[in-house]
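Read through the structures below before going on.
Heads up, the next two complexes both have chain A, just with different partners, chain B and then chain C.
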Partner chain A sequence: MSTQSQQQRYRVDPHARFRVMDDEGIFVLQEAGEVLVVNEVGAFIVQQLQAERSVDEVVMAITDRYAVDQDRARADARSLLDALLEAGAISQT
Partner chain B sequence: MSALSIEFAGSRYRFAGLNPEQDGLVRSRFQPLLRRDEAKPDVRIDIHFNPNSAAFMRRPLGAVEYPVAVVHGDESIAVAGIGFTANVDRNPFRVQMQTCQSDEWFSAAFENVFRIVACYRLFGEGALVMHSAAFNDGARGFLFCGRSGAGKTTICGLADELELEILSDELNAIRPAGGSFELLAMPFAGEFGGAPRRHPPYPVTGLLGLSQGSAPSVSLCSKAEAVSRIVASCPYVNADPWLVDRLTSRAEELVECLPLRVLTFAKDTRFWSVLDNEYPEPATAVSR
Partner chain C sequence: MSYSNTIKRAWAGNRLMSVLLELTYACNLDCTFCYNDLARDGQQLSLEQYRQLLDDLAELGILNLSLSGGEPLAHPRFFDIANHARSLGFVIRLKTNGHAVRPATAERIRNEVDPFVIEVSIHGASAETHDRQTRVAGSFERLIDNVRTMKSLGLRVKANSVLTRWNEDEVEGMLALYDELGVLFQIDPEVKPRDDGDREPLAIEASVEGQARYRRALEARANRDDPDIDTASREAGREPRVARTDKHCGAGSNNIAIDPYGNVLPCVQWRVPVGNLHDQRIAEIWEKSVGLQDVRETTKAARRMLEGLGDAAVRSNFCPGAAQVYSGDPLALYPAVEQRIAASARARVRLAVL
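What follows is the complex of A and B.
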């Protein structure tokens, strides 16, 4: 991952709504009328995005909170972010 | 030009401006729900016939299924389909429909507009209108939410074999009522429940999602999944940026009182003994 992409920031897309319920999170994608559910880690990652943290900062937050090494945290975060980007749930700032 | 009133799920809709052909089509489709008294309607829908077909989306050569275009504005919702357009004003809630049709294409246009109007009206009254199948056994009402392909018509076909009373295999509403929830029938359906008739509200005993499998079972799902299944099942409102937050909150309140379970079922009637066992009491909703 390049330095640029590590410092990239994302936000919940203006056409989506995100809400945490218990430990999980749901996105409502208004234009499609679709809904996505993310697990506890996914909800945590999206909350970090909402706090305007970069990808690098999100990865650090994951390793601080969960017993996972940085490579694994980065791969998981990237995978989730790519899926959310493709779904239109988040967008680049 | 004539006017008529249709009432269901506690709301009365008055359609004015119908020409004789249009009037006949609507009367024959919704006959059991027509009201002849002059009580004030809850929603007024004015229909304007414009014979200039060039002003509307063109008809295809044959029958076609197509998505109706819906655009949400802060003051109104614009709707367009083959041979018609409509504007749904949010406040006060009223509808203007323009159409060049007076034949069976009008029936389809009317139905499309009526569904949207009813979804908004009932949402405004505190209900959730869901893509769903619903039936009752006389004491217990069951609602199965799910989008196209989930198995709504299949479960209704099986319920029909069991001689359960089917409300609709397509659209039903659920509304809070005295610490519990009631199921409201709507006159919109696919293969089951399409012939409109007057229904009382039914108590909701089971709120379920559908999953097809080899053996019947019922499982609980997380709150987020439950809410997502409900929100995804609420047409029109779930794509409306002015209402989607309220919809999500309402779905959350619903599943807190009436947990959503997922029914896995095969194409046979064994599912009924599983439901019967899972919901022995007429109402399981918990007062908050």
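What follows is the complex of A and C.
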């Protein structure tokens, strides 16, 4: 992963709505008319994005909160971000 | 992970997800079976109270917000309220009769409210039937024009219809109209009494033959091999899913309704106030209302009662709120449900014979 992509910041896409409900996150994709549910870690990651944290900062936050090493956290975060980008749930700032 | 599981968990955990706001009972149409209790009176919530309420709902993490009425666009501060709701990131559903959504208003709704869906009321496949229901000449043509405008602006539109004796002979035409307009739809096969218990609207409830014709039309449409029919609409022709929870419905558990006078209701059908926003903030009502606790227990009792009567009863679309309006007892079966249970029993007998 390039330095640039590690510093990249994302936001909930303006055409999506996001809420954390208990331990999961719900995206409503307004244009597609679809709902996307992410688990507790996914919800945590999206909340970090909403706090305007970069990918690097999100990875740090994950390792601080969960018992997972940095490589695993980075790979999982990247995988989720790619899926959310493809779904139109988040976009680059 | 599935959204249906999220909803079931919300029912079980009393997690408020959806709120319907009846902003006003004012309306620009005069529908025969309007369920609103127009005699109800009280102190309307002010714009400041709506802003406070929306802030509180966002704080509670509410996802879905429906703006309804009467006709919500008839509220003089509709766009102020809707704008604030949008800024708080709710998934907004606008429930309107569509009459006032002329091109400039439709564009304003798109730009300022950005609703997930606009739900409009279509009462038939022809001007004669629709206008008979709304009692406003020209309302059908105007609505269809408005729906086309909304669609051209990229707005998602859903048609809400009630099956009645007046439109049951054109139900196939209604389905064709929805498809031609490219809208989602929901047809309620049951005319209900008004919120004040007045049963006058039942005079136009669909006949048994009309109900059967409606079911056949839905099945035929769902089975059609037509790529233009989207999945959401196909669902309308299928049997309702039975949620595996200990509650019959989410009334007071994951959803509530709020009338123009600040009365908090378990749902739009269940018109027993469990608190009032002139007296308490919504979070306090949600957490502490004894009435809401009773409602939640009643939805469990309803589940047990229906399961005791068998699968047909569980699948009968029994509504405790409607039961409350019919008899004052949210656990009492009412005519439309008894008919559906009986029809299901007759179908089982036929299957056994075959």
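Keep in mind that, in the parts below, the second predicted complex is superposed on the first by the 93 of 93 C-alpha atoms of A that agree within 3 Å, B and C clash if a C-alpha of one lies under 4 Å from a C-alpha of the other, contacts with A are read in each partner's own complex, and residues count from 1 in each chain.
One rule holds for everything that comes next: a residue touches a chain if its C-beta (ideal position, glycine included) is under 8 Å from a C-beta of that chain, and two chains touch if they have at least 3 such contacts.
Because the structure is a prediction, the values reported are computed rather than measured.
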Check chain A with both chain B and chain C modelled on it and let me know: fit or clash.
clash
Quick check for you: in the superposed arrangement, does A:26 touch first (chain B), second (chain C), both or neither?
both
Between chain B (first) and chain C (second), which, if any, makes contact with A:35: first, second, both or neither?
both
Which of the two partners, first being chain B and second being chain C, lies in contact with A:18: first, second, both, or neither?
second
Looking at chain C, which part out of 80-88, 206-214 or 278-286 clashes with chain B after superposition?
206-214
For chain A, give the residues common to its interface with chain B and its interface with chain C.
17, 19, 21-22, 24, 26, 28, 30, 33, 35, 37
The chain B residues in contact with chain A across the complex are 222-225, 227-229, 231-232, 235, 238-241, 244-245, 247-248, 252
Show me the residue ranges of chain A that touch chain B in the complex, using the header's touch definition.
15, 17, 19, 21-22, 24-26, 28, 30-37
In their shared complex, at which residues does chain C touch chain A?
1-3, 5-6, 9-10, 13, 15, 17, 61-63, 89-91, 114, 116-117, 156, 232
Spell out the part of chain A that touches chain C in their complex, as residue ranges.
17-22, 24, 26, 28, 30, 33, 35, 37-39
